[in-house]
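Across the two complexes that follow, chain A remains constant while its partner is chain B and subsequently chain C.
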Partner chain A sequence: MDALIQILVSGLTLGAMYALGAVGLALTFGTMRMFNMAHGVFMTIGAYAAFSTVTYFGAPLLVALLMGILAGGVIGALMHLLVVQFMLETEDFEINVLVATAGVGILLQDFLLKVYGGYPFSQPVQVEGIFRIGGVAVTYQSVVILVLATVLISALAWALTRTKFGMAIRATAMNREAAMLMGVRTSRTYLQVLIIAGMLAGAAGILISSLSTLSPEMGQNPAVRAFVICVVAGLGSVTGAGIAAIALGLFEAAIQYYFGVRYGLPLMLALVVVVLIWRPAGLFGTQEVVRS
Partner chain B sequence: MTSLTTIQKHLIGVLMMLVFMAVVPVFVTQRYFLGEIIVFMIWASVAVQWNVLMGHAGVFSLGQMLIFAVGAYTAAMSMTYLGISPWAALPVSAVVAAAAAFVIGLACLRLGPAYVALLTFAISYMVYVLIITDTACYTTVAGGCQRFFGGTTGFSRLEDLGFREMLRGNWIIGNYFTVLVIFTISLVASIIVIHGRLGLAFRALSDSPVYAAARGLNRTRSQLIAFVVTAFFTGLTGAVFAAHFRSTGPSLFDFSTLLFILAMVIVGGLRSTWGPVFGAAMMMILVEVAKGMGDVRNTVIGVVLVLFVLFLPKGIAGLTSRLFNRFGSKPANAQDPASGAV
Partner chain C sequence: MAELLSIKGLVSGYRHLKVLRSVDFSVGQSGITAIIGPNGHGKSTLLKTIAGLLPTWSGEMVFDGAPLPKGAPERARRGLTLVPQGDQLFTGMTVEENLMMGAFSRSDQRAVRGTLDTVFALFPRLHERRTQRSESLSGGERRMVGIGRGLMADGKLMMIDEPSLGLAPLIIEQIYEALGQIAADGRAIVVVEENPSRVAKVADRFHLMDGGAFAWSGTTAELETSSEIIKTYLGA
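Coming up: the complex of A and B.
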């Protein structure tokens, strides 16, 4: 019983963080067919922004959290305005944008390394303390993670289904030309999507760093997981990414509990490959099957 | 113009390059510069193969450094554990790398391009994590703990290619020509693939996928062949890398190394034939110059990648062919539809 609770608690915590990272990525791909290789660095930037707000300005935790999320949004906007918007109409957009965002990623990571150094800091934006469910110790931080992820993802779901700009995003994702004919300004929609994805990544970065440490390359591991989650869900499926993130979080927690932390990611990936052989478009994907 | 003469023309180019590279050690005698040229040839060989795969076959693999590492690790491990000579390890490593690519390709290549990129990236990251988290000692080498896959330290003090005994102080010349031969083989193989039957199949598939499929071309199968063939030569290059440096380690999996090679391909020009060679030379020189300004290697790589994708998506190869067109004279191989450029 305790084992089950332990797996559930750590699995849901992992899943919630993965979901925050993966949903933004899926939204970007679904709307613009753009895969953001800098997504992991967006997480790192959010984490460092929150860290700096507390360390250098002594701001309260909530302000730091908001600053981290804001920093993610700003960097997303900047990337759209400085790089992505000029590439939208080019041929081979899918490949070119992958290369360009990878370039942006290494640039930003190097920048963070120059500013903060490679020394791993601990994230001050977190809640201390534990309580017990049965015989299992649960940190307040994992409750914070669960609540924050739920709030942010619900807010995104509400925005996508109920607000005008959210519907514009979904319309663009479904059919860009038709959306333009209906008066949607798609370039502004793209900007909004990258801001949202950046904000979610920033939040994910703060939460992830609160469980481990801050370092310039901390974003790589969660980004790889987010990639895998998006692929298994079917690229571009936002709901699918959320569900797959929780499922893979639970799966990974179980693996870590029974086999050791080392095998979490590899076995998760093996599962993903099996899923893809069975359903090449991902669990929730509809297109992307290549015939012949 | 038949495709045979296209190949011949490129082979003459290879011959000229070979002659040029063969006389370089006569004028360049400092060991440092020769070492840099060796590194250039190693990366150029990887970039050339990657260009075949990404530019021509349309397989957007981000797992090329994994394949390279499979070659390097197989060489290091077979030398350390089985005690075979580096020369025997070269072909063995190439075959193992090709086999690894076959398995990865079977799992990935039925998917769309973005999926292939992400999965190959994720698989290399997974292998990296498995290697560096390995802590159990397999044997003891020179009093130290040797992990089966090398752990965080990798393999070092491997047997050298034998030139230290033969050439004494000039051993690097021996390594230079060994690497040059492998680079040339890799380049010739890429030319044969690009301008041969397989390249023709890829051109047909990218011009009109439906018509090509209707004529009986199997996209996945052609891509799998390209994946395995390029992996063979990438793995071979990885093995000679391990043999030259007499060591190998998990730093091969660094994201910055992957992007460094990717930058060579992009700067040189995707879909060209010779682009990656020039791209590799340019990136090597650029990073070498940037060394004088402090630790800015990764910044340079990032800036170059972004700038080239934004302003010169066809790379140097695209630029030179555009210049030729502007001045009215035909580029040397303008009739060659496969190269599209240099």
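Coming up: the complex of A and C.
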């Protein structure tokens, strides 16, 4: 019983963080056909922004959290305004933007290294302490992670399905030309999408760093997982990314519990390979796959 | 009365391929104007250029008393509606969501509801299927959603690219009956069709497009008397 609770708690915590990272990435790809290679660095920037707000300004945790999320949004907006918008109409946009965002990612990561150094700081933006469910120790921070991820993702789901602004994003994702014919200013929609993805990444970065440490390359591993989750879910499926993230989080927690922490990622990737052989378009993907 | 849309010397195309050589075109404040002619001669290109999906290489376009702004979204907001070829519905959305997207740039929700009722009255089938996802509809129903979505914009001019494409004759008749009703409400419509026989009953002005320019223009009566020209072009 305790084993089950332990797996559920750490699995959901992992899954919630993965979901925050993956949902933004899925939204970006689904709407713009853009793979944001700097997504991991967006997470890192959110984490460092929150860290700096507390460390250098002594702000309360909630303010630091908001600053981290805001920083993610700002970097997303800058990415669109300074880079992406000029590439939108180019031939082979998908490849161009992949290379460009990878470049921006490297640049930003080096910039963080220059400013903060390579020292692994601990994230002050977290709630300390534990409580017990049965014989299992649960940190308050896991609860914070679960609640924050649920709130942010629910807010996104609500916005996408219930507001005009969200309908414009979905319409653009489904058919860009048709959306333009409806009067949707798609360039603005893309800006909004990158801001949202950046904010979610910022939040994910703060939470991830609260469980380990801050470092300029901390976003790499979570970004790889976010990519993997998007591929398993089916590229561009936002709901699918959320569900796949939770499922893979639970799977990884179970593996870690029974086999050891180091087997978590490799076995998760093995599962992904199996899933993709069975369903090449991903679990929730609608793209048709042509096999020769 | 001034023309609703007036185009002079329009040249346009895809990338480096010039398709429209020099088109002069005007549309009145009401009635159905038909652009006919064989495939691959620029009919859809003309509509896409007017709608702003393709760039204008040269030429002048005046709509409702002012030059057309740049970009498809701005033109849609000015009341220039294009119902694109092949419907281009938002497949993951329901019928009603698709229709409501048509009214995206309108802010008076009460008036939008009114238009929605009009669309449902015109196509009762859509009312039955309003909560169904558009990808599960038949070809005829999808066309109705496409046209209904165009109507939801409550624009000044509605351009429809091949409303009969891929539909059974009986459904084509229903669609054209609906277009006739829309035009009877005093709305201006431009229809592109390969074959003039389908539009002959409802349209009052015809342009024959050939090689990126109009080869012949005339009224319904003139179309009947010059059927030889039409036959030469369409091989009917």
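Basically, the second predicted complex is superposed on the first by the 289 of 292 C-alpha atoms of A that agree within 3 Å, B and C clash if a C-alpha of one lies under 4 Å from a C-alpha of the other, contacts with A are read in each partner's own complex, and residues count from 1 in each chain.
Criterion: a contact is a pair of C-beta atoms (placed from the backbone, for glycine too) under 8 Å apart; a residue touches a chain by one contact, two chains touch by 3 or more.
Small disclaimer: the values here were computed from a predicted structure and weren't measured.
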Go through the superposed model and pick first if A:R170 touches only chain B, second if only chain C, both, or neither. second
Winner on chain A touched-residue count between chain B and chain C: chain B
Looking at the overlay, does A:L235 come into contact with chain B only (first), chain C only (second), both, or neither? first
Under the stated touch criterion, which partner chain does A:E94 make contact with: chain B (first), chain C (second), both, or neither? first
In the overlaid three-chain picture, which partner chain does A:T28 touch, first (chain B) or second (chain C), both, or neither? neither
Between chain B and chain C, whom does A:Q192 touch in the aligned arrangement: first, second, both, or neither? neither
Interface with chain A, chain B side, in the complex: residues 54, 60, 107, 110-115, 117-119, 121-123, 125-126, 129-130, 133, 209, 213, 217-220, 255-256, 259, 262-263, 266, 270, 296, 298-299, 301-306, 309-310, 313
Interface with chain B, chain A side, in the complex: residues 29, 33, 35, 83, 86-87, 90, 92, 94-100, 102-111, 217, 220-221, 224, 227-228, 230-231, 235, 262, 265-266, 269, 272-273, 276-277, 280, 288-292
Which chain A residues qualify as touching chain C in the complex? 164, 167-168, 170-171, 174-175, 177-186
Hey, which residues of chain C end up touching chain A in the complex? 51-53, 71-73, 76-77, 81-82, 84, 88-93, 97, 100-102, 104-105, 149, 153
